[in-house]
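Okay, here's the structure, questions in a sec.
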């Protein structure tokens, strides 16, 4: 119990009769770096959306750090220690870097006094200082008046992680953090995530880039057609027949076009 | 940033131009004219400007007032009450005007009166006829005739000429103050008092309505001699056309609201037999004819085609001459140092004045409303024909 | 309340609904395709009605204004083409200057010679009274169609350039309101704020069926409106253009992938919506013979209510909604009086928006996006 | 002060207050086309309370509370609607209010309603300044941050713990209270109100002030309202100065054209976030010039 930050049991979700998540259950150990992988449309992002409360679950339970969060409203789940990044960057385009990070503090500042504290008029206030420090720790400079919409992709990805981290989560959900990054940016992000993990935060990562998964994660769960077909270490995953079938049996053109199949990832790996 | 500079520059231009407006110089008398030259009253207010210009040109050609030239300070309110307040404050404080002709509409007048009272400057609206607008203000003088009195004159004329009016129906604008007052509180009781049977409860229409078929249908199958129509000209024309379309051939009767020269064209043959009243008759005497001639000509120069003046144009023209008479009686100088005191003298003068203009004899009641003559008209072959003339009543003092 | 009037009042309601139909369809077409509440619709409707009136009444300035407007828009379109064309920059510069010079010369010629009255004199002599009718219809349709292209350029094209962001969705809304102000005030400063009246060629032609009076022009317009809208919906279903339009409406993001040239199709949507407004305006002038600068606002606001009632983006919904709202208007005047007219119409709209925002037949997806 | 400038200043002040009333919901992504409805409620309720014997300084806050209560009640159903639907729902609300007032004889119906106490510029201007300061303060708080986040991405804001519904209702209600204040001040300054002056056009114009000014910062409505008040007046002054009456006649045509062109050059409104921050840091231009990404205007 105390070992698992998150445990999911018997999760079901259908959209209009289509079963998207079918009896999925797995656990994430405290301090671990777990990857959730699977072919396109396997339901990985849906799991994240169920976890964070974007959609209500049809059936099943989700326990976060010993607390059942299945029926907790989305806006309150962040308080219980879960925070996430997004597949397509979803920073607030019209807010500055620091303000985006300050949004991450919202879960810890919901009293009326905090809500009415004039952040913008007091440049040296503790919230802004904390946000700036977090950004600097992540190796990100801040520019006054720089709205994030115009920043490079890799920088925005890292800001998303900083924003998620500043809510002081126990579990950090990362939805394809490496997608669309070049080599250098992926390395920078990896370094940041190593640092986050070292600070004791548990990571749950949805990722296509198996190279990235191998470098970062110590545990893997594989989904296919809404079902969990495998759970184990990254080293074992390539040898599992079910996983191989799931990837190779799917549309080969898709596997070829994306750097997605574990087989391809494994071939790259030393 | 450059945009903000542009804004700032625009603001400065506005401020500079406003500050640069010349205050009254010595040896000139300034009269303000609050006009709705753009916006919803633009068509009718543009001719009012012509009437004022004619009067001022005539007065200046004849040597001005007390030997001083008259200058008109004009302000376009666009029919907006807020801008009407701007106008009266500007005339009072920036232009050094002694009195104001206008504002045009009742909506503008009722807020401008309050502002004018504070600024202690006389305002003479030429078209506002909503009931009880000026009573509370000592500086408000409306050169319009009471709608109730005019409607009674219409009914009396019909009776005197032996025209049958036994039954009637009323149609009125529900969202316009004058239309509603005339329909519900003037026509209805006056019809009843004169023994005219009302075939139906008054039927309302919205002033902006484009389709009044549902209302007109309610008139069908009724035996009615006249339809009392209380609505401003555009909607009155719509109602009339719809009546004819649905085969209701009853003539319309009204007071002053749609007594616009334009109805000769807008109602055309549908208006045949309509009976209404106005406080100006352009064929009354030589002066009226002369004014009409100049008015038509002046409008033509500005590209406006008018058959003859609206009674509100005549009011504006007479208002300027009325001010001249009062200023001469009160020996007003237009001296910037004495402006405040002279404005009050003009007000006192207006309270007692008896004036004869192109309209006829004019005086003001204690309520600030004028006593004007009434001319009852009918439409024949798209022309106005005089049915009866009613001299203005004496003012109770 | 006099029940014997009921049949006539029902007919009144249907006829009034007929006025709202095409305006409602114009709204719904653009909102369905582009998710944008086009506030120029009232102005285009009014402009067509006023142009029709002006030409019937022989106001030459209508032709002058039309010529200037059409010329400016054409010059703008040529300039656009020029900018996109693969030509050496000097040629482009010379071309642009030539265009500006040409436009100025034409403007000057138009303003100094004012060809309008001469055209009327010739027309009345050569063709007779029917000529004005024909000219009025052509001018109203052409002007509105061309203006639609101008409006498309300044609303949709800029929205597209910035698509996907919250603030920018308000952009076409603001631009279209800007156009509304321009068009209304152009009419007011040219012909004033008063009622503008003319004579219908049909006069008061009507026939009676039992106690119910049918007015010939009204009936014709109703039939014509319904026929046009029916034709439109058939076109949407069967033609290649229709399929392209629907694919934009349903999936604006993926339509380009399926070979639909969004940039070329969207102006077509605007022109179709514009022509609907123009037809509605022309029919309005013929029916009511009295127009003014404000009829657009009055008719269009109620047409919007009709559109919502039917469900945003649904052509048949707009027809039914517009007819229903016309009926609600007439019935509320008939039963409780015009003072209370606003409450049933807008109360109904509010209720529908809250309880069933998809209207009677609408899709859920439309209009849900942020601005 | 010049009578002209003072009166235009009053109009500007009222426009600014109205604009902030629409700005607060707009900053959180809600387009409200019902300004006229709230202004009407504010103007009539304050006038009525004033006529019943309460002094103006009680009547105005009371009308704000009354209007806020109404806004709070309707906020829940109305905020369920989005986008075009919200625009239409608020618009319908304003029409219903107008339809009710025109039938209420005790409020004068079509004849309008006189307002007793007068509020001159010594009341209107300081109150406006307070409103502006309040809105600047509000937008600088965490609540303001939450509102701007909702504007940008409602779903993500929720996931970071923002109570989206509460923030939206707060913005809508507060905005309604401000519009009510504007309406009440209108009534007390001009001393006569009629529902016909608070029409659709007013709602449209106020929405335009906000969208044209920009919804990203609290400067937007201020600049937008100033633009709308000053430009037509500037055109009028140009016409007077140059002696061309046709400029004054057609000033609203120019004005509309300026709006369209403005959207071409500044689609996000006159004042954007980036602009304000650059202006606020005197040497910020150089530093942000060093920012890693190419910026777009």
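By written order: A, B, C and D. Residues from 1 in each chain.
As a working rule, a contact is a pair of C-beta atoms (placed from the backbone, for glycine too) under 8 Å apart; a residue touches a chain by one contact, two chains touch by 3 or more.
Quick caveat: nothing in here was measured; it's all calculated off a predicted structure.
Undergrad: Report the chain ID whose CA centroid sits closest to the centroid of the full protein CA set.
TA: Checking distances from each chain centre to the full centroid gives D.
Undergrad: Among all chains, whose Cα centre is located farthest from the one for subunit C?
TA: A
Undergrad: Using the average of all C-alpha atoms in each chain as its centre, how far is it in Å between subunit A and subunit B?
TA: Here the centre of subunit B sits 73 Å away from the centre of subunit A.
Undergrad: At what distance in angstrom does the C-alpha mean of subunit C lie from that of subunit B?
TA: Here the centre of subunit C sits 36 Å away from the centre of subunit B.
Undergrad: Starting from the mean Cα coordinates of subunit A and subunit D, work out the distance between those two points in Å.
TA: 40
Undergrad: What positions in subunit A touch 2 or more of the other chains?
TA: 93-94
Undergrad: Out of subunit C, which residues touch more than one other chain, so two or more?
TA: Those would be 166-167, 185, 189, 297, 339, 341.
Undergrad: Which residues does subunit D have that touch at least 2 chains other than itself?
TA: Expected reply: 102, 151-152, 216, 249, 252, 278.
Undergrad: Show me the residue ranges of subunit D that touch subunit A in the complex, using the header's touch definition.
TA: Its residues touching subunit A are 137, 139-146, 148-149, 151-153, 155-164, 216, 273-274, 276-278, 280-281, 284, 287-288, 290-296.
Undergrad: If you look only at subunit D, which of its residues touch subunit B in the complex?
TA: Subunit D reaches subunit B through residues 2-8, 10-11, 14, 102, 109-112, 114, 118, 190-192, 194, 196-197, 223, 226-227, 230-231, 233-234, 236-238, 240-241, 248-249, 251-252, 265-266, 270-271, 275, 278-279.
Undergrad: Mind listing the subunit B positions that touch subunit C in their complex?
TA: Checking each residue of subunit B against subunit C gives 38-44, 46, 174-175, 203-206, 208-211, 213-215, 217-218, 220-221, 233-235, 237-238, 241, 244-247, 262, 265-268.
Undergrad: Taking the touch rule as given, give the residues of subunit D at its contact with subunit C in the complex, in rising order.
TA: Touching subunit C: residues 29, 31, 77-78, 80-85, 87-89, 92-93, 95-96, 98-100, 102-103, 151-152, 200-201, 204, 208, 211-212, 214-216, 249-250, 252-253, 255-260, 262-264, 267-269 of subunit D.
Undergrad: Can you list the residues on subunit C that touch subunit B in the complex?
TA: Interface residues on the subunit C side: 2, 4-5, 8-9, 12-13, 15-16, 19, 185, 188-189, 192-195, 197, 199, 204, 206, 213, 215, 284, 288-290, 292, 294-295, 297-299, 329-331, 333-334, 337-339, 341.
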